[in-house]
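This report refers to the structure that appears directly beneath it.
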Amino acid sequence: MGAEQAWLLAAIPAAMFFVIALFGRYLPRQGDYLGVLAIGTSFVLSFFVLADYLSFYDFEAGKTAVAESIKWSTVGVGETAFKLRMGIYIDQITIVMFGVVTTVALMVNVFSIGYMKGEPRYYWFFAVLQLFVASMLMLVMADNLLLVYISWELVGVCSFLLIGFYWEKRSATEAAKKAFITTRIGDVGLLIGIILLWRATGTFNIREIIDIAEHGGIGSTYLFVSVLFVFLGCMGKSAQVPFHVWLPDAMEGPTPVSALIHAATMVVAGVYLTARLLPLFEVADGTLLIVTIVGLVTALSTGFMALAQTDIKKVLAYSTVGQLGFMFVALGSGHPDAAIFHLMTHAFFKALLFLGSGSVIHGTHHNQEMDKLGGLWKKMPITGTTFFVGSLALAGVAPLAGFWSKDEILHASQTWSGGWVLILLGFAAVMTAFYTTRLFIRTFMGKPMDQHVYESAQESGFLMTAPLVVLGILAAVSGFVIWHGVGTAIGFPGGFTEFVFLEEPERYHIDWALAGGSIGIAVVGIFLAAFVYWNGSLERSTRLARFQPGIYELLVHKFYFDEMYQYAIDKVLLGFSFIVSWFDRYVVNDTGIDGSAQVTGYSGYVLKFLQSGRVPNYAMAITLGVVGLAIVGLMVRA
Amino acid sequence: MTFDEGQGYIVLATLAAPLLAALIILFIPSGQKMAIRFVSAFFAAVMLGLSIYIFVAYQADGEKIQMTLKWVWVENTAFLGKDGITLHLAVDGISAPMALLTGIVAFAGTITSWKLNYRPKDFFILYFTLLAGVYGTFFSFDLFFFFFFYELAVMPLYLLIGVWGSTRKEYGALKLTMMLVGGSVLIWIGIFAVFHEANLGTFDMQRLFAAGNDGTLSPTFQKVFFPMICIGCGVLAALWPFHTWSPDGHMAAPTAVSMVHAGVLMKLGAFGIIRLGIQLLPVGAEFWMPGLMVLGVIGALYGATAALTQRDFKLISGYSSVSHMGYVLMGLATMNQIGITGAVLQMFSHGVMTALVFLLIGALYDQAHTRDMKDFGGLTKVMPVWVVFYTVAGLANVGLPGLSGFTAEFHIFVGTFRAYPVFGALAIVAAALAAGYMLRMFAIVFFGPFNIRWKDLKDLTPLETMAGGLLIASIVLMGVWWAPFTDRIGQTVAAIPGVIG
Amino acid sequence: MRDYTVFVPEYIAAGWAVLVIAVELFFPRVRRDGLAYLTALGALVWGISALFFIGKTPQSFQGLIESDNFTTYFRLLAAGIVAAVSIMSASYMRGRTKAAAEYYGLLLIAGCATVYMAAARELITAYISLELLSFCLYILVGYLKRDARSSEAALKYILLGAFSSAMFLYGMSLLYGLTGSTTYDGISAGLAARGSSTDAGIVVAFVLILAGVGFKVSAAPFHMWAPDAYEGAPMPITAFLSTLSKAAGFALILRLFSVALVVDAVEWRWAFAILAAVTMTAGNLIAIQQTNLKRLVAYSSIGQVGYMLITIAAIGYGDETVGLNATSGLLIHLIGYVVSTLALFTALTAYYNKTGKDTVEGLRGLAETQPFLALVITVSLFSFAGLPFFAGFATKVFLFQGATTNELLWLVGLAVLNSFISLYYYLMVIRQMYLFDPVAGMTRFKISPVLWVLSAGLMFGILFIGIYPGPAFKAAENAAKPLFQQAEAASAARVP
Amino acid sequence: MATEVLWWIFAAATVVLSTGVVFSRSVIHSAIFLIGGLAGVGAMYVFLTVDFLALVQFLIYGGAVTVLILLALMLTRSDPSGAKESVNGSQAPFAALAGVMLMAILVSVAVAVKWPGDVDNAPSIISLEAISKALFVDYGPPFVLASVLLLVALVGAIILARQDEGD
Amino acid sequence: MVPLENYLVLSAILFSLGVYGVLARRSAVLVLMSVELMLNAVSLNFVAFAAYLDPEKITGAIFAVFVITVAAAEVGLALAIVIRLFRNRATSNVDEAALMKW
């Protein structure tokens, strides 16, 4: 099993999707073990791929990527014929994504067995989960943009199905619709971008496109436009402002789904694609700046929004969006290594946090409002502990994973002269630490808000805590791979940045000033939050809210984004649709089509009265006919 | 009667099967409903088999026109030469997938109409006559018979809709028939003009195609008559603004007829534009295609927008058909091989998925007797299979990769981008709107709180499931592995003179 | 030279007419239907005897009458029409008249008159045979003596007929004055020789002649008698009017204009183009508003005449070959039209015998009560509308195709448009039969086997011509050839 | 010279009488005028030296036709009281207009056209023998047809006019 | 001598008078008389042409004979129909015989 067969990783779960979807409901336990089995296999296989890839990898020799493709279809003949090839392209980024996706997916699967027990349509959940993993894996190993787009859309529809899993709830349905359509709007841009790139280069293959672009094969303006369109798609998937609205609502889905899709994998697809196409961004002047700005805006604004949320999962959702913003900043700074690194660590600790919140929700019989929780640490020690680790990691406290990656990003952001990016990022980091702490304190510490909930709460079962532990460990240690020593120790050519890079591998050297700064940031945020929310009393925070009610309202309503969009859709789009339908009915149809018919009929009605039934009139008609024709004839003569 | 390469009889058999069916049913006493149904199902199966055979047996990289059959009909008269009017049947890379489509949809429609109980005899006679017309149009390489079968396909619609239809059936039927025949009138005038201008004493298309290219049909002539023929065919292809029969007609039509009509018949229009427009009058086509492109884009956006706020299932499908046929016209208007291939792909894809949609709507309407979306909710509880099928159809409609819709639309987009990037972008926007109205319908009808009023709704019957399964299978096949289609179509399209790369 | 054998078929027909009358005279108790079938038999014998004349070299009788394929074509047509109509009449006229024998005799005589109109090569003969046909029709239209409508129809018909034939005659007199001859060849020669100083006279002469023949084929604005006469006449006679008299009129027109007057085509072709346009448009538009089946058919047949008149214009505009194409197109369309009309009226008669209804609403729910009649009516209406599988499609294609010349393309377009309009009111009839349930009390009923057989046969004819028009077209073309061989010389002799 | 004067007198008389036919208020008067008008036409035949035709004219019209017409007038007298109802239809004025237009056309044609042959000399004599030969020999077929036509007319008139029981 | 034109003009006048009669008069019998007038005009035309144009061929005169014959027969038939109508409708006015219209 070599890297060339990596497509199996996607094929196995895909096949399992059909098996479970068609027969799951007849199988014992509705076939959940099949799901675990399939993803487990992919998980194991990913290591074979990794091993094979590492044995193949040789940077000096330029052997950094395994590519394999087959002829797919041809349209027409001649040099203008439209030839499509499908294939896989495996390089460092792909390898990392394999690791992340399979690991998190496996954990989530195991967790779900416990969490989803007794839910209706149990088998359906697992089936779609398989399809989702399959398409995600296909997405990261695709060697051409068409295949990327295909799996991109499949990922989207899977998330649609999973968010809408509790379709009896109107809110869930709406959320699913919102997610699909919002991302779809981005996808329009993506497709346009892809086809524009094809139009210029005549190929969909990412490598070839990049080569042509780097050798100036594409006009700068043209390239700029098409890259922006592609980035539009990335923004949609990764829920960057202004497309971020769907992600919090997507929390309507089952919590494991939130963990898998909205933390670890799907939403990072945008980051992945941007990293994959970063060379294009670098060629197209100005796009990087745009990427950075989008990332910054997202990181800051969502930081604010997270402050005022009381729903655990919503808080986590906004923090996810914010962290994605961090990654985009790193990409904008031309550092895919930092972005991917943060992507990995974030995947681990954010999955941890989500699953943890899932465990809480499960343990408290579907309570996810902070106002009802509190002091749960004693009740559910494992969840609490792991959640604690995750929070610290998210807050970026050394030496947990989050610290290293965030540090990398801050470091990367220095490339922007003037340091304004650095400062703003730092501020965003403070808020991250703040709301994370707030979340943890209000959930696990202090005195319980709702005694009844508190009484009924208990620790979740082994199937759910085990993944928490595993992810906790990962969240704690996965950051160290940045070190050369660690990297070589586990068989990589070196530290993370020596493995994932754009032009040149560079060995990691810790920058004490920056590291200290970032630790400081984390500590500040944590202590602020601790001061405001200590032992769960809210009077300080309420005072804070009263101090500037306007701002508070603004935050509670998430800067009124949803309201704006709702207005745009209801009033503008649907209004226009009403106009069109009216036009179609009354102008095109009744006037244009039926109208002409009625005119014909009416002319017949008028004409028939010439037929008076009287002989003299008829004779007159004959005479006039003769006279008229004769006159015409004689005129023609004359 | 002469056969080429010994395959012509297959085509003849495919064309004869429905006629034979109609004839046999004509002689079954109308009381014997079961017998009628079995005969119909049998012949539909035969047609399906033959169609599949034709599609498979067509050699993508062989001669462009295969399985030829020639039967001289009228010759050596005052104005007709040696092969004056010839029953010239054949298959090329464009008609092969169309034949397959016809076979699939016809079969599905037939077994869907199994439970049709009101005068099934008359119904099936007309139904098979219509199908004969469809097959004939796809196979004819003689203008006379092309038009003959074209009209034959349109003719039975009035009774089929008027007698077995539902909502405002008289109005819908009359309007549909009149508009379609009105379109064919333009075609007819065009055919007269072409015959007169070419002055070859034959209706044989291949020779007239040649005449169209070697300048026997003068450029001026082509420029004058292309719009006439294009609009004539366009009416049947729901070309904006001649589309208004589509919502009303589909709303009125009975299930099987909607399936065949939206599934196959509308394709005759686009097919006619290829045959009589692009192949017969290349210069005129070259000259007018930008206009057609504009109309196609308008249709695509207009249909999608209008569908956003509809409440009747069939109105949604009617308008989305307008939108999707708009794509087809855009693909044709690109005049490059990718776009036209995409258009043919879209003809197939839209055919199967619309047929599926109408099948499902019919299955629901037969029980619920309402088609107002607002009446429904949470149907997933009672009709899971129905919902799954509808979801697949809807997602294909939206252009989800892995389903036929994407394959077709993707090729059309690529082709359009090669010719007119801006219009291509607009088309993709229209695709996003499709997501809008489809998901809106999903959200309202399938999901949300269950309306107890519908607790007695039955899920699809085995027969309907079978028909739907067939359609879904073809949707997925084309969505995943489209090479068999693109090979056949692309080769032929590339061989059309006047089509640029 | 005189070869009396060239008109043996007509002797048979006329003799048979006398025979029918004699039979009733000598066997007063004979069943009236028997007379009808006897007449039909006679018509068949007549037709069969005519078959022997197919392909014979044209023979002229004193240069007044010509027996050639053209004549024979109309012989067969007329024989067929007479046979069909007499069978229709059997059940219809039973109990409606006392003078059955004369009725059937007149049918046969009218048939003969038609033949002579087709055969005439001289104005006097043409005029007399035309009047003979008209007289028969006047009488037949008025045959329902108790029915005021019938008498009124007859009065309108005869008054206007006399009026228009006076016009016709005045035109002929001018023509005679200008060419000094009444034979077609003489006229054609005279026209060829005449100078331009007589143009005005020629134009007026042509216009007056046009009025006469236009009245006969009911071309607008000379058509107004037709709807009333059709409505008032007994139903079989309506069929007779709309088939035989139109066929006869076109026979006369074809030979007269293509043999005698073609040399001066410039003076009359425009008039035919105008007439065609006006006729088809008026007919189809007014037909939309009709509620009485007979009137509907009358107007729709006026529309059909409009299509056919294009052909005459085409003869004027085009050269020899165009004329040949156009004429054969017209002849085959004539067959298709005649067969469809007869089928329609057979069905309507059968229905009328049962229900006494002749309105469109009267057909309500026919598909339930008598599916076969509904089928026949639908088929014939679709054939009128020119839908495929039915005669109308193929024949219309040939008609329009033959008449397509650069000058007349617009007219052909208008004609196609009109046939589209016509579809609407045909659908309105079909709608009544198929979309609505029968009125209360109407139950399934049977029709007389004879009419069943007749309509089935005619329907088969419609389908045959529609699906395999080859033979009919060949026949039409052979019938058209003689006219244009003769026209050749004349057009060669035309002075520039 | 005398013939010309006579001709003019007769022509004028014919026109006047014919005008009487179409303008007189009483149908009976019209019938009487008609006899005169037709007689005038007969006179014209005499001027044209076709005496035979003149004879036919007097016999058929002066005798048969007018008698028939008077008979019909008696039979169809609508009200025995003879109260005057308007004899002209509603469209009489337009009728006059149309008639004038037609007359204009026909007269202009008659005078404008240069007729072939020597039209200013005396008409050539048409002998009875010539007519009879032509009628019975050269134009035999139409003659036969005409006889059939007369027969048909006769039969038809009988059938239509005969009084059946029931009306 | 009297030239041909005179006859032609005379017949034209008679013809037009007849046309006026047909168009204007109400009584069916009067309409018939007017038709007779027209027919006479026609036969006058024929005879005149015959006399002036072709001395040896006398077709025109023959035509006139036939016209007179047909005219007579026509009158007979028409009057029969008029009487028939009068029996049915108790009127012989053409503009009252309008049961059938439109």
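Letters are used for the chains, namely A, B, C, D and E, taken in the order the chains are written, and counting of residues starts over at 1 for each.
By definition in this document, contacts are C-beta pairs under 8 Å (C-beta built on N, C-alpha and C of every residue); 3 or more make two chains touch, one makes a residue touch a chain.
All values derive from a computational prediction rather than experimental measurement.
> Which chains are shared contacts of subunit D and subunit E?
Touching subunit D as well as subunit E, we find A, C.
> Following contacts chain by chain, what is the lowest number of steps it takes to reach subunit E starting at subunit B?
Between subunit B and subunit E, the shortest chain-hopping route counts 2.
> Select the chain at the greatest separation from subunit A, using centres from the mean of Cα atoms.
The chain lying farthest from subunit A is D.
> Quick check for you: compute each chain's CA centroid and the global CA centroid, then name the chain with the smallest gap between them.
If one averages C-alpha positions chain by chain, the most central is B.
> Between A-E and B-C, which chain pair is linked by the larger number of C-beta contacts?
Counting C-beta pairs in contact for A-E and B-C gives the edge to B-C.
> Using mean CA coordinates as chain centres, what's the subunit C-subunit D distance in Å?
31
> CA centre of subunit A versus CA centre of subunit B: separation in Å?
38
> Once you find the CA centre of subunit A and the CA centre of subunit C, what distance in Å lies between them?
78
> Per the centroid of Cα atoms for each chain, what is the distance between subunit C and subunit E, given in Å?
Roughly 26 Å, centre to centre.
> Please output the residue numbers of subunit E that touch at least 2 other chains, ranges allowed.
8, 15, 18-19, 22-26, 28, 31-32, 41, 53-54, 59, 62, 66, 70, 73-74, 77, 81-82, 84, 88, 94-95, 97-102, in rising order.
> Would you mind listing the residues of subunit A that make contact with two or more other chains?
Residue numbers touching two or more other chains: 597, 608, 611, 613-617, 619-620, 623-624, 626, 630, 634.
> Which residue numbers or ranges of subunit B touch two or more of the other chains?
178
> Could you list each pair of chains that touch one another?
Pairs flagged as touching, ordered by label: A-B, A-C, A-D, A-E, B-C, C-D, C-E, D-E.
> In the complex formed with subunit B, which residues of subunit C make contact?
321, 324-325, 328, 367, 382, 387-389, 393, 397, 400-402, 404-406, 409, 412-413, 416-417, 419-420, 423-424, 427, 430-431, 434-435, 468-470, 473-474, 477, 480
> Touching subunit E in the complex: which residues of subunit A?
608-609, 611-616, 619-620, 623
> Quick check: in the complex, which residue numbers of subunit E touch subunit A?
Contact set of subunit E toward subunit A: 19, 22-26, 31, 94-95, 97-102.
> Under the stated contact criterion, what part of subunit C meets subunit E in this complex?
Subunit C residues touching subunit E: 123-124, 127-128, 131, 135, 138-139, 142, 145-149, 151-156, 158-159, 162-163, 166-167, 169-170, 172-174, 176-177, 180-182, 227-228, 231-232, 289.
> Subunit D touches which residues of subunit A in the complex?
Going by the criterion above, the answer is residues 614, 616-617, 620, 623-624, 626-627, 630-631, 634.
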